[in-house]
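Next, two complexes with chain A in common: one pairs it with chain B, the other with chain C.
Our next item is the complex of A and B:
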């Protein structure tokens, strides 16, 4: 999976696209690895821009959980922004909105993370 | 086939409290007050019954608190005196009472019990299952655990219980089935599948006359393992009903409660969708959840099914003590 990424001051914004389903979840996880590795206590925060994600399955959510765990262990900061309505619903139903800080827009996320 | 739930709670039996009952009465009275203001207050008994139905299950009823016990009525008239059960949690006490009312002490029956595993919440009802004390009854406990007999006898032994297993008057047999072995019992075809749980658990699939029920509780799923997922998809394939351990939220199931041996509503929907199952019945409810919380989980799960539906709709239910599902 290709992730668009950009730097806004110290914040890395990554933007997955399409469906993070059972087939795509391992690729999403792999593509996120370098960004997750860099998201440490000394590195900048990581903001995942979900505006291009149409669907996320349990496997995709599990990948998100592994990202959260790694970043927490590294004392970094990761957040999610710009969820489409149904993807937001899936996160809420699965209680993942309690795992991640979720912002309505990427700009809201950037401001909150100190851009 | 008919499936009747006698115990649906996970891990430990629970009961609604005086505070819960008061909250239900309060909620009902507030609805009645609002209706009275618009002149719609129920008058006769029929209207009162309708009013109760309209309150919603978490106000007018309760999911109940007995631990796992599910009856499968086979509909096989050639084996009318043979009964099928899954697990012997605390719910089996009430089931035993029903059987005693129906058959009394002089009409011997055979009870086939299929055990998911022998953790305490799944065997604790056995000493209170009255038919085991009645001569002539036959109790066949089927399972895939080598320690099946040991677990039941140990539970019954002093100092844990006053009546030793050796004093039970019925004819009790233990039938250890090999994992993956298919059996025919009381005219029903029965298959099993090994599941992830501490000490292992087994799911059971029952088929007769073109109808199928899967009982899959105390089972943790790791969907990252495609081969393992396919085993469950095959086991659930086209089932008319899948009774599924949906104890935790997905976030809990893959984080703080990973390796606790239970699953979530999200996995249940996804596996049933992949398998083309017709109904998902969430089971083994978290003991900390009250009726309103279980109602919310049900509504959310139905919405998740709707969002993710690609083929025909999957009916989503939440089990309660007393629920009957006709297949």
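Our next item is the complex of A and C:
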């Protein structure tokens, strides 16, 4: 899976595209690995821009969960932003806001993370 | 007439029975006068001998392998001179006969020379003709060579020995290269009847006096019924004398075919080159193309053979090379066939093994499916005597096995526990975790925890044994069958639908928590709902709301709610479930299921006392 990634001050913004379904979830997880590894207590926060994601399955949620666990273990900071309505619904049902900080837009996220 | 030489292709081993003296001896005694008169006449054989003495005549003789009444062991000849070797060396190379059929000694003495007429046949055909042969321990010329010697008045014919045997036969200034056994390949022509002079015409004086002047003359027999008929390589039946004539002609013209020693090496080389070419070219080709290629090669081979024969007077054995190359081609095509047959068998065996393996996996998956579905309680038989509530449930894995689960059982006489869960992912990994989750949830529930606490405790238990980091969304509920009080707890799961008997549809989407295993120590909040008689609570997994059609558009929560609401009038768990199932099936319309699908519906009928 291709991840557009950019740097805003200390914050790394990654933007997955398309559907994070059963087949794509492992690829998403793999592509996120270097960014997750860099997201430590000393590294900058990680913001996942979901504006390009049309669908997320339970395996996609699992990938997000694993990202959250890794980052939490490293005492880093990760957040997601700009969810499409369908994806937002899935995340709300799954109560992912209890795991992730979720922002309405990327800019909101950047401001909140201290860019 | 003065011919150069006369050759007799006739054998005269016996005295003429028509000589006058012999005729007289057969007459009766009474014919004394006639007998005396006849006896006075000269003997025919003597007359012939006298005639032979007058002319340069060469008598024919024939080599015999077996002794007969008329054969002898030798005959009078002019010795042959041998250059570069001994008699025995020359004799070792030529065709030898122990016996010879020769003419009467009287005639032999009168003739100027004698030559052998013997020719061995190749098959039924005359191809090679020897110029020198052996009888006993004597080297003898053929009739043609002897005629040339007589015609040129030479003292002797000569034989040159080479490294391989006889290399040349020479008479006067004529030298003929031969095969090592003194044979030559005759370049046959068509028989020409114009060269024949009939004996009848000659005796009748119809032949001009100088017709034979300085010519080589052969006297022989021709005509039907002749024993001495020969087949030439051109397929012509000719009298033996014709072959002698053509031999003489060829000797003069130098028109002799040669098959030098190196020709055999050339043929071997051609065979190796052709064979190597076939071995190199044939295997990658299709049999049809390979055969076509071989035909081109054969045409080239025979063309070369014909060209060397026609223009160089050399004999190249194309047929031998053709036969050998055909064997090479045949074995190549044969081994190609064997190889392709072997590969086909290997492929078939591999396919067979694959099918067996697939069947084995399919068989195991089918067994796993039976076991998995068998662990789910059957609502039709679970509460046969229950009047206070009814339960309907459905679980359809997207694959053979799945990660969805439902369960329900009585905690005590009043309280019904039920659960619907969805393990992330699908297939075998999800199904294993589903089994663990279901068992742990049941053991926690039966431990005596109450309501939402069951979910909190189950979360801790399940999260502890989760190496693959799977997670489970889940809804648990405890229904008090006596009061209709329902205590729900939600872990990242779609909200339960409450279908009121009065017709309203409510979403129990209050507080909840994340899926199990997400946060290990999460205190799941309880969500209380009061049911009234006839109310139905409906739980689904996202296999329903996210069921995809072929265009990958989801079924959606909105359509699900609409179907549930419209089914209100029937107000029974079973019929509600059936109508949702039908609507989802109609929407998906045969697309491959994207996720496991689970429905659980419970209708509370009211606080009736159990029978």
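As a convention for this text, the second predicted complex is superposed on the first by the 115 of 115 C-alpha atoms of A that agree within 3 Å, B and C clash if a C-alpha of one lies under 4 Å from a C-alpha of the other, contacts with A are read in each partner's own complex, and residues count from 1 in each chain.
Definition applied: contacts are C-beta pairs under 8 Å (C-beta built on N, C-alpha and C of every residue); 3 or more make two chains touch, one makes a residue touch a chain.
Owing to the predicted nature of the structure, the values given are computational and were not obtained by experimental measurement.
Enquirer: Once the structures are superposed on A, label A:93 by its partner contacts, choosing first (chain B), second (chain C), both or neither.
Expert: both
Enquirer: Which partner does A:57 reach: the first (chain B), the second (chain C), both, or neither?
Expert: In the superposed model, A:57 contacts both chain B and chain C.
Enquirer: Name the contact category of A:65: first (chain B only), second (chain C only), both, or neither.
Expert: Once the two structures are laid over each other on A, A:65 reaches both partners.
Enquirer: Under the contact definition given at the top, report the residues of chain A touching chain B in one complex and chain C in the other.
Expert: 22, 57-59, 61-62, 65, 69, 86, 89-90, 93-96, 98-99
Enquirer: Any idea which chain B residues touch chain A in the complex?
Expert: Counting only chain B, the residues touching chain A are 223-224, 226, 249-252, 254-255, 264-267, 270, 300-301, 303-304, 307-308.
Enquirer: For a test of understanding, state which residues of chain A touch chain B in their complex under the given definition.
Expert: The contact residues of chain A facing chain B are 22, 25-26, 55, 57-59, 61-62, 65, 69, 86, 89-90, 92-96, 98-99.
Enquirer: Which of the residues in chain C end up touching chain A in this complex?
Expert: Contact set of chain C toward chain A: 422-426, 469-471, 473, 490-495, 512-515, 517-519, 522, 542, 546, 554, 557, 594-595.
Enquirer: If we count contacts the way the header does, which residues on chain A are in touch with chain C in the complex?
Expert: Spelled out, the residues of chain A in touch with chain C are 21-22, 57-59, 61-62, 65-66, 69, 86, 89-90, 93-96, 98-99.
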